[in-house]
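What follows is a set of structures for review.
Two complexes, one shared chain (chain A), two partners (chain B, chain C).
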Partner chain A sequence: MLMRLFDSDRAGSVMLTLLALLIAVVPVANLLVPPESSLHLSTYTVTLLGKYLCYAILAIALDLVWGYCGVLSLGHGAFFALGGYAMGMYLMRQIGERGVYGNPELPDFMVFLDWQALPWYWQGFDHFWFALVMVALVPGLLAFVFGWLAFRSRVTGVYLSIITQALTYALMLAFFRNEMGFGGNNGLTDFKDLLGFDLQAGSTRVALFVVSAVSLAVVYVSCRAIVNSRLGRAVVAIRDAEDRARFLGYRVHYFKLWVFTFSAVLAGIAGALYVPQVGIINPSEFQPLNSIELVIWVAIGGRGTLWGAAGGAVLVNYAKTSFTAVLPEVWLFALGGLFIVSTLLLPRGLAGLFKRSKDAS
Partner chain B sequence: MKEPLLKRDRVYDFLAPVVIPEALLDTRHGPILYLEDITVTFDGFKALNNLNLTIGDGELRCIIGANGAGKTTMMDVITGRTRPDYGSAWFGSRINLLGMDEPAIAAAGIGRKFQKPTVFENLSVQGNLELAAAGNKGVWRMLSAPLSAEQRDAVNEVLSLVNLQAVAAHVAGTLSHGQKQWLEIGMLLMQRPRLLLLDEPVAGMTSAEIERTTELLLELAGTHSVVVVEHDMEFVRSIARRVTVLHEGSVLVEGKMQDIQNDPSVIEVYLGE
Partner chain C sequence: MDYRPVIVMRMFTLLVLVSLWVAVPVSAADDPDVSFASVLAPLNTRDFEAKSRAIAAISELKHERAGIVLQALLDGSLSSAKSTKRIVLVREIETGYEVEDAVTAAPLGMLKRTELKRVSVNNKLRRQLRELIAHRALGANDPVARRKAVEAMTDALDATGRALLIKLRSTESDDDVLHAVDIALAIADLESSSTEERNDAIDTLHGSLNPLARGRLAALVAADDTADDTRRAAASALTAIEQRVAFFEFLQVIFFGLSLGSVLVLAAIGLAITFGVMGVINMAHGELIMLGAYTTYVVQLLMPQHIDWSLLVAVPAAFMVAALVGIAIERGVIRFLYGRPLETLLATFGVSLVLQQAVRSIFSPLNRSVSTPSWMSGSIEINSVLSLTYNRLTIIIFTLVVFAALMAVLRYSRLGLEVRAVAQNRAMARAVGVRGSWVDAMTFGLGAGVAGVAGVALSQLTNVGPNLGQAYIVDSFMVVVFGGVGNLWGTLIAGMGLGVANKFLEPSAGAVMAKIVVLVFIIVFIQKRPRGMFPQRGRAVEN
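Let's look at the complex of A and B:
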């Protein structure tokens, strides 16, 4: 079954093999190879790689809804951030008495605001399982309600993109406010440990990296399975000729709603993996620009391929890391330029290059 | 356009069964399609004006009329895309079309070909037909259940019926215009419809293709009821038994082709052009 899935997906097999290699090599290179050795991988690099993998999951999530279903969400960063906040809330609760104010119940920012008790929506986040449920549930529920309203009313195209952008912007403004109870401007940070493991420890970082890599593989395989199923073809049909599908008996809005919600859950998972690795989540994750950058990763990588989106996310973010180290002001221009060049010369993204050379051979 | 959410006598769409059992379609006591007093207004302009139309079970009917006469709008009403301001539309004697959305109407047994041929260009010809196959088209079902043997057989049957076996594996986007028209008709047949609505099925076809389409439609009539909207008079003459002339949103005359051709009012508004 699993083998059949990859018969015609060589690029996907290559990607999964690469991931397997990383999972095998990175822990050894970081934990076992002595720091003096040139083969040693610093914990900083491990975390950086882990971050890229989270972005790759996010990119696959967007590709599913944009590349296959034709719904260009310019607000997917919001679902990523919400998943991140859910994880951040758990990590906050883990701090306990070790905060600056030493309050065992309340996170520092609540003490600072002079709050007396934990708000109702923070209840339960001291349990890891509860946080995990929320990581999927909160973005999923928001996407479901939003999608229900939008797709039922047949909002499509640019209008839909604009309201998704408005959604993430509105959430950013809301999360900026102190009285929302999510740490306002500063967000949630100063995390100490996760399930009792010190977040600063190299071994924890390696474990988080491995979990991210495994998650990416699982997300890829499940999305591939969806795309290859009859559902996947129905979704492509809806993308290409929505009316035709509707008059053939497909309730188009249910399909869009399902894909959008599933994609939002994946984005939330990516955010939850991201936060313990970078050690902070704040409202800037909701900024519209993030969601637009995400679209650019997918466009550059090649939409409608899944692996292209993942590759695009890693490559563009690697470029960003290298670039911002040298010329931080220029990055956005470089990104814009890259986007324009890729749309003009590579309408199918970098993935299109591979496909073309394969077709030619 | 939208049903109020709070109506107590209505089941929410997502709770209602998507597939309307074919048994519900009842044509024992009369026509398969019955339109009465249908009126559709766009910004004060009456695209359909007290339209009355009856199609008998198994009939092949041609509808002609000048551009803007309301032919496409009539199909929009029957298939649930446009809600009329008033009037009623029945499929058989039991199914009220005005209470249903497009997928429900499709599932009840009405297939529609668009004026501009519309197929899924990125899927293979076979893939197009598979997607159209009758059966449960819910999200979960599509994800979990593979195509049934029965559906597979239906695909092969339709492939030969519309003469596309040779290109079954080709991507639909590469088909000729005429082949796309056939593929779309094939997709309708996959739904096992009782009533076919074909909006200009031979537009842009070569004469050989038109001939083949004529054969196909004559083959379908009898087991299906077929409504054809067409401009090509030659084609209409070759298939039609009864012809309805639409003019400014209502029926001008209805009758045999020969009678229609000689009707002075028709000559004035349509044929005379």
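Let's look at the complex of A and C:
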């Protein structure tokens, strides 16, 4: 069945092959090749690559709702951040007595705020399995409730985009509050280890990278399976002619709700993989700007292709890393220019360019 | 030790003056400073009787410094310099004691504590001083000063004060002062032994906003020895007071809410044109506001001598700057994307990033300070509970003026007619000769210009920095969508309503929580009524 899935998806096969290659090469280049060799890959680079892969998962999640379902969410960063916070809470609990205040029960920021007991919503995060469930459940539940309200009352297009933006904005304001119990301004940081492995160790970083790469592959394959299925075709029909699909008897809002929720879960997983690698999660991840930047990765890569979105995420972020290192003040000009150019000249993104040249030949 | 020569010189002057006084008594009596100094001299004794006579004499003199000296004596800041025996005013500052001449106010430099001897007063003298000070103030020419004097006396009114007030009541013509006198006498009468007087006093205080009246009535109600009917009357007067206070506090919250709402309306109203009328999602709207704020900053840089008038110049300048940038955005980007709202959203977001970075590169990423004209500081005090600050008042009025002007343009001008025609039916409007693309550019320019004008107002309220626009973009969209797209009145009502709601939530929930609650409310509201409070009706809606 997997073979049939990729008969018509050459680019996807290329992407998966590339991922397999990375999974094979990166650990060797980082752990086995000696540091003085020119083939050595520094731990910093491994972490950076791992971060890009998390962004790629997030981009695929957005492409699923935007590219295939026509729902432009300007709040996907919120689901990403919620997944990240769920993982961050587990990592906070792992610190135990090694915090600055050495309190075995409470994280540092709670000691600092003079809290006496762990709030109820922190219970259970000592267990890794519980955190994993929450990584999927919290963003999924929020997306389900939000989507259920929005799609049922047929909030579409721009209105939906604006209220998703308001959603992430409201969450940002809420998480900035110290009273929320998520570390306020500073968020969650100073993580020590994950499942007993030291987060600073190179081998843990490589393992996280491999997990991210495998997750990306799994996410890609499952999304591809979804869009190729009957469900996927119905979703595309809804994107192109919502009213017609409704008149044909499809329960449009069920389809939208399902895709939106699934996408939010994927975004949450991306966030959970992201946090142990960068070592911090704070409310600025909820910024509306982050969510919009995410949209541009997908737009530049080419929406409605999945692999284009993943490629766009890696490319734009690679450009961001290089630009902000060399010419920090040019980055926003470049990003803004990218937005304008890609919407005006490349409505189907780089993937569209690639496809067109292939069609022409 | 640089004060020594000064003191020596002063001593010499004094000597000369004293010798003059001795030598030529007639002319000295004419010089008010000299006679004032001579009256002050007995303060430098231990004899309280002599001091009391001196105080009375000071008060008799119509010298301009007499009030200040009496007050200083009461405050304990009047001393005599040990070296010269002269009476000086002392002000304690961080590095020591700053001294000035009691008679002439001439600065005498710094002295050490050991070089000064405070003019001591006892309770009897204090009472005398208070009475005299109040008496002097009651005779002031300015009715506001007289009212303040009465209010100052209200707290501890004794028999002499009472007599003074009763005397004042017979001569006073100003209503406010008379009212203050009545309240002061009534508060004193609450302790009267006569039941009748007490009940009259309670009647007078019925619903008074004087904080003292409230406290005394509450004490009367709580006291054990109060007669039942008095207690009942006092309780009802107290309820009336609390109701009035609650009412004015309510008005105050409404006022705060309206001023916050005005900010929201100002920020959103340009968007109501570009988004509401044209259907363009302009994510760079916030940056157009920011450009308006920076224009204000530049205008103030250009005319530093005339800050008071700078806003009058800044408003048209900001309108022009933002409108031109807006037209450039429309011609350069948006016109290629009509009918594709999501793409427009992305492209204009790109524009907003470019504008932000441009401002950051030109003006630095730091906030710039914009001065507030002097006429915007201060407030109108309606009573002790309700006061309207001028800057909030100005912003409310300004918003209403901008709104009215915009409505007038859309309704009565040729451009407004064409804008509405294109919004209703583009093809038909073009068929009858309206230049569609020109109208698009002008409409967008109008919306952008109004955003710039909003920036002038916001520069008075918040920090002017590259992130100014971002802070308002989400709010602006919320207001427009909540009010109903394509409906300017809806925007006005939505903005004001949200502002007031926010201010009513703030005391119980805190500022941030209030904002979150309002956002969540709008999100839920849009689910229920996707087209806002005042939706457009008719065929034009479904496209």
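Convention: the second predicted complex is superposed on the first by the 361 of 361 C-alpha atoms of A that agree within 3 Å, B and C clash if a C-alpha of one lies under 4 Å from a C-alpha of the other, contacts with A are read in each partner's own complex, and residues count from 1 in each chain.
Convention: a residue touches a chain if its C-beta (ideal position, glycine included) is under 8 Å from a C-beta of that chain, and two chains touch if they have at least 3 such contacts.
Everything quoted here is computed from the prediction, not taken from an experiment.
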Chain C versus chain B on the shared chain A, clash or fit after superposition: fit
Chain B versus chain C as contact partner of A:Trp258, first or second or both or neither: first
Contacts of A:Ala299 with chain B and chain C, given as first, second, both or neither: second
Touched partner set for A:Pro288, first chain B, second chain C, both or neither: second
Which of chain B and chain C A:Pro104 touches, first, second, both or neither: neither
Once both complexes are placed on the shared chain, angle at chain A toward chain B and chain C, C-alpha, multiple of 10 degrees: 90
Which of chain B and chain C A:Gly196 touches, first, second, both or neither: neither
Partner chain(s) touched by A:Pro34 [first = chain B, second = chain C, both, neither]: neither
Minimum C-alpha spacing, chains overlaid - chain B and chain C, in Å: 7
Overlap of chain C and chain B interfaces on chain A (superposed complexes): 153
For the chain A and chain B complex, residues of the former touching the latter: 153, 226, 229-231, 233-234, 236-237, 240-241, 243-252, 254-255, 258
Residues of chain A that touch chain C when the two form their complex: 72, 146, 149-150, 152-155, 157-159, 161-163, 165-167, 169-170, 173-174, 176-177, 288-289, 292, 295-296, 299, 329, 332-333, 335-340, 342-344, 347
Contact footprint of chain A on chain C as seen in their complex: 281, 283, 333, 336-337, 341-347, 349-354, 356-358, 360-361, 470, 473-474, 477-478, 481, 512-513, 515-516, 519-520, 522-524, 526-528, 530
Complex interface listing, chain B residues touching chain A: 2, 13-14, 18, 79, 101-103, 106-107, 111-112, 114, 118-123, 127, 130-132, 137-139, 142-147, 184, 187, 191
